[in-house]
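Just below sit the structures, each encoded as structure tokens.
Next come two complexes built around subunit A: one with subunit B, the other with subunit C.
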Partner chain A sequence: MSSLVTNKKKFQYIGTIVSFLLPAFIFYIVFMIYPIFDTFKISLTNWNGISLESVFIGLKNYQTLLNDKYFWNSVVNTLFWVVMQLLIIALPTLVLSLMITKVKVGMSFFRTAFYLPAIVSFSVAAVVWGKIYDPQIGPINSVLNALGLSFLAKNWLGDANTVLPALVVASSWVQYGAYMVMYITGLQSIDPQYYEAAELDGANAFQKFWKITVPSLRNSINVVISLIVVNAFKGFSMVWATTQGGPFYKSDLISTYIYREGFSSGKIGVSAAGGIMLAIIIVGTTAAFNIYRDWSSER
Partner chain B sequence: MKRIIALLLIGCMIVGLTACGGNSTETDKADETEAPVTAEVETVKVMTFNPSTDEGFALLEAQKELFEEMYPGTTLEIITGTMSVEDGSLVTMLNSGEDLPDVIHINAGYSRVGALAEAGLIRELDDLYEENDWEDKLNEAAVDLCSYVDGKLYEVPTDMDSISCYYNKEIFEELNLEVPETWDDFLNICEVTKEAGYEPIALGAMDGYAVGWSFGNILQSVAGTEGARELCASEVKWTEEAGLAALTEFDSWVKNGYFDSVSTTRGEADAVYAFLNEKTAMYIVGAWVVTDVYSNNMQDKLGTFALPSQIGEVACATGGLGRTYAVPSGVEDTKGAVMWFDFVLSEEFAQMMAEDETNNCIYASKAFFEIESKSPLLQAAKEAVSGVAGRNPSVFIGTETKNAYFQNLQGIVAGIVTPEEAAANIQEGQDKDLAEE
Partner chain C sequence: MREKSTFKIKDIVLWVVLFILLIIMVVPVIWTLFNAFKSNFDIMNNPFSLPKSLDFSNIIGAWKLAKFSVNLKNTVFTTVFIVVLTIILACPAAYVFAQLKFKGRETLFYILFIGLSIPNQAIIISVFYRMKELGLLNSLWGYIFLMAGTGMPFAVFLMRNNYRDFPAELRESAKIDGASEWRIFLNIFFPLGKAGVMTLAVFTFISAWNEYMYPLVLLISSEKQVVSTAIVAFQASMKSNYAYVFGAAVISLIPSMVIYLLMQRSFVQGVSVGATKG
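Right after this comes the complex of A and B.
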């Protein structure tokens, strides 16, 4: 009898857990997991996105991608994009967060002001930055010309050498706020006694930053770097809304290549294969970073 | 007590649902008594593009009014949408087979009409053409530009593009310039306007299709109507005479500064703005710009001409079909579609469109071509495609060719690729399209 009661309670306990988890789990399976498998299935066909039928062609779409010089061009551009975003965002955002937390008057104002771009959509930011970069009426070139530095004024989004860095800067601007908030949260959790002790030992600002702040923020930095990398690989909106991968593929990323193959060329199969390959790259990169992080923390 | 309240609420819900059902039935019965339907078709449903302006909505209302006047007892229901084949919304609707309109209005071109036809989503129309003599009611150039799938016709063209060179009359007068009759005259205009400080030709190179308008007109001038047709139909290579010559000419325009050096960062809207704000002397664009011209009250200051031919042909505009109508294959009774097509090919429809000064469409019916349009600009654009029309390559080339075409034209404007490299790259795209056929 007591075992019956125990079993009944156990069943009720598990049932309660399952009933709370089930809706989210079903949602996750239907809208996240199933589409991944469906995408892989589509990547093995020649589906054009219009017909109800498609033909199984095996790994031919993957072969097509690997043989396409424009796909490799997009891979190179994407890697450049990721590295640039890491350089522009990871450390400078930390420095910015530090500076904001040190401000005695107006900290809320600066925190809000630097966070505001994060609430702007990429498409809106693309229009704004398109005007900022305008070679004739944009403020960047206007200021450069006014200062007598016309030789620095470029056709930022039309020049093969400047288009990608210009778009990286614009994209990074939108993301600064979100990462800054993560760092500020981490900074506020550091015990100030560490800094007091370091000051007593004669540590300068840089030493306090490198020996106390950075190690204490290890987890926040790991999260920020992971998010920067993942979001950079998925970068699409800023490029598509401004240059659509041009001029002449110079700003073409894997995501814009995939979009063009799918929706301009009607090659959903190839597009799906590109999506799977991008997912593999992102997962591989993130996994490698996590392995490195775990290995370096064990040392 | 709670159970009684719950039962009462359920009862109210049931009564409410029953009442709703009763009302619609009563309304139907009332309709039958008050207004007996005499028309063969009660409702004709047409799905068309969402207008972007108030004038566009007003035009749809006017069309509805005229249709219902011409077909008493029949209601015209106009549904608007993006009508994009590429974004999947239209295809999803057609595949669902649910609540299909009698007629859909889409952008023309084999990549859309052909794709839908090959997927079995739109109906072949040869039988309806024969029964209703539509070919006799359509402009010959329009019929020639239709997309044929296995020799069969799946569309009734709505309007034709007419892409030619629009120019600012005041700038021309200021610089003592006249409409060019030869190619050298045209190049002279470009040089003179450049030296006077104007941008000779507006270009929105950030939008690939906009660059294509200028290139298409150059191709027409260099290769002629038949040469351009052969290139668009992949009968000749881009690395051969016509394609390479046109790309080289295009490159020379860039190097000579006939396009603004910053046009790679300018889209179509920016180019229109520059032209209508008198910063540029000329703009190669389609007749759809007429609406913007009238909105900016520039109609008396602008004129249009076709680029002179370099091989002695009569100058003509380039284009293709703009938009076209098709019938979803799930539509069993085509009477509604036939009524709509008869309407848009009618003299009454043509008259109404011709009288609308802000109308920017060159309708494909013979009736429209026979009536003088109230807008002189549109009339001129119409005359430029009334006999023979050149081809805008963007509309006729395959998808891989088109991707390469847009990117390489932008590359030429940005100084990244040479004409020879562009020709080779576009040819690669054409080879991929041919390999897939």
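Right after this comes the complex of A and C.
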């Protein structure tokens, strides 16, 4: 009798939990989980997007992808893109955040104002930076001309050598604000007594930074670095809205390569294969970061 | 005494350095605002000059020419429903993950958590062709549902951290009084966690307002375009009319800027939650 009651209660409890979780999971499964498996399925076929029939061709699309020099070009560009963003954002933003927490007057003003670029969308930023790099009205060229350095002035997004670094700067500009807030939150939770003790020992600013700030901030730094890397791999809008990967595929990323294969070249299977590969790269990177974090916190 | 004065100089130097850095970082925004009020001629001849007067003709011109009113209406409509739907879906799930114990909780949460690392590109082919089959291309609702579904991992993650901060006694004492789980959630946790809901709303607003790839693929017809894709198309079609492009940029900048200045606290909280994983 009593086990019947507890059983009924148990079912009720499970029913309640399901009623809370189901709506969120239905949407998540329909719009995220199903499309991943579906994309994977498409990547194993020669489907052209129009015909009703498609033939299973195994991993042939992956083979095509790995034999395409434009894919490898996009891989090289993406690696450059990721590493450059890491260099431009991770340490400079930390130094900036440190300065903001140390300033005596107007700390919250600086935090608010420095965050401003982060609310500009990638598409507006793409338009604005497109104009900043513009050979006609671009302020960069105007400044160079005014300084008598006109030989350095160029069409920044039209030049094969400058396009990718120029877009890295524009993309980093949109993103650093979020990381700044994360750093500041981490910095504010460091016990000021550490610094006082270090000052008594005669440590200089540089020593305090490397011996106290960085180790105490280990957790925030790990999160920021992993987010920079993951977001850089996902990056698409800034490039597509400005150069669409050009000129001469010099700013082509894996993400823009996938988009072009799928939506302009009609190579749906190859595009799907690229999407799955990118997902594997990003999930793998995230997993590696998590393993490293667990490993380093155990030590 | 001497030490105190050097101390002060250090502060002033720091302040000045920060201020100069700030100018450099926000110059693109200010430059855009200024140029939106200048004529094309002035922009071409002196990109750095201040606007001569508050001339709204670029903004009005861009507004009329680019069908921006339609684009803006679509953006507001989709953004509002994405925000509302995300809150309705994510909060109950997050509450259960934060406050209740049940078998498979960690596994289910992990399945959701993986979604944070899935790039758009890994689902876009399927999303496009299935939506096409269902006649949902150019459907604002199709786009709204997609954004809510793909936004679930972050939303639930954020709100779980929010509800986890509440003591377990809060739920237990209501339980003793005989309240059902839904009643406890709706009458106690949801109202008490309002600040967190606000954070979620602001974040979802900004990500929906700024989303570029999904509308680029799904909302193709000019009647259904949203601001983020319309402005890029507009810019490409207005190669020589710089003034209108800046006008259009300002139109799409203002709403997020207003929301940010009004809701700063929620922003800071949301970003900080992202930093304290676990």
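Note that the second predicted complex is superposed on the first by the 266 of 299 C-alpha atoms of A that agree within 3 Å, B and C clash if a C-alpha of one lies under 4 Å from a C-alpha of the other, contacts with A are read in each partner's own complex, and residues count from 1 in each chain.
Basically, a residue touches a chain if its C-beta (ideal position, glycine included) is under 8 Å from a C-beta of that chain, and two chains touch if they have at least 3 such contacts.
Predicted, not measured: the structure shown is a model, and the values here were computed from it.
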First (subunit B), second (subunit C), both or neither touched by A:49: both
First, second, both or neither for A:130, with subunit B first and subunit C second: both
Per-residue touch tally on subunit A - higher for subunit B or for subunit C: C
Which superposed partner A:27 touches (first subunit B, second subunit C, both, neither): second
Subunit B versus subunit C as contact partner of A:185, first or second or both or neither: second
Which of subunit B and subunit C A:263 touches, first, second, both or neither: both
Touching partner for A:200 - first (subunit B), second (subunit C), both, neither: neither
Partner chain in contact with A:13 - subunit B first, subunit C second, else both or neither: second
Which superposed partner A:236 touches (first subunit B, second subunit C, both, neither): second
Common interface residues of subunit A - those touching subunit B in one complex and subunit C in the other: 49, 130, 136, 263
Contact set on subunit C toward subunit A in their complex: 11, 14-15, 17-18, 21-22, 25-26, 28-29, 31-32, 35, 43-44, 47-48, 88-90, 92-93, 95-96, 100, 102, 108, 111-112, 114-130, 145-146, 148-150, 152-153, 156, 180-182, 185, 206, 209-210, 212-213, 216-217, 228-229, 231-232, 235, 242, 245-246, 248-249, 252-253, 256-257, 259-261, 264, 267-268, 271-272, 274-277
In the complex with subunit B, residue positions of subunit A that touch it: 48-52, 130, 133-136, 155-160, 242-250, 260, 263-267
Of subunit A, residues touching subunit C in the complex: 13-14, 16-17, 19-21, 23-25, 27-28, 30-36, 38-39, 42, 49, 96, 99-100, 102-106, 110-117, 119-132, 136-139, 142, 173, 178, 181-182, 185-186, 219-220, 223-224, 227, 230, 233-234, 236-237, 240-241, 254-255, 258-259, 262-263, 268, 271-272, 274-276, 278-279, 282-283, 285-286
Subunit A partner contacts - residues on subunit B that touch it in the complex: 85-88, 91, 95, 111, 115-116, 118-121, 205-206, 208, 261-265, 399-400, 402-403, 406-408, 410-411, 413-414, 416-417
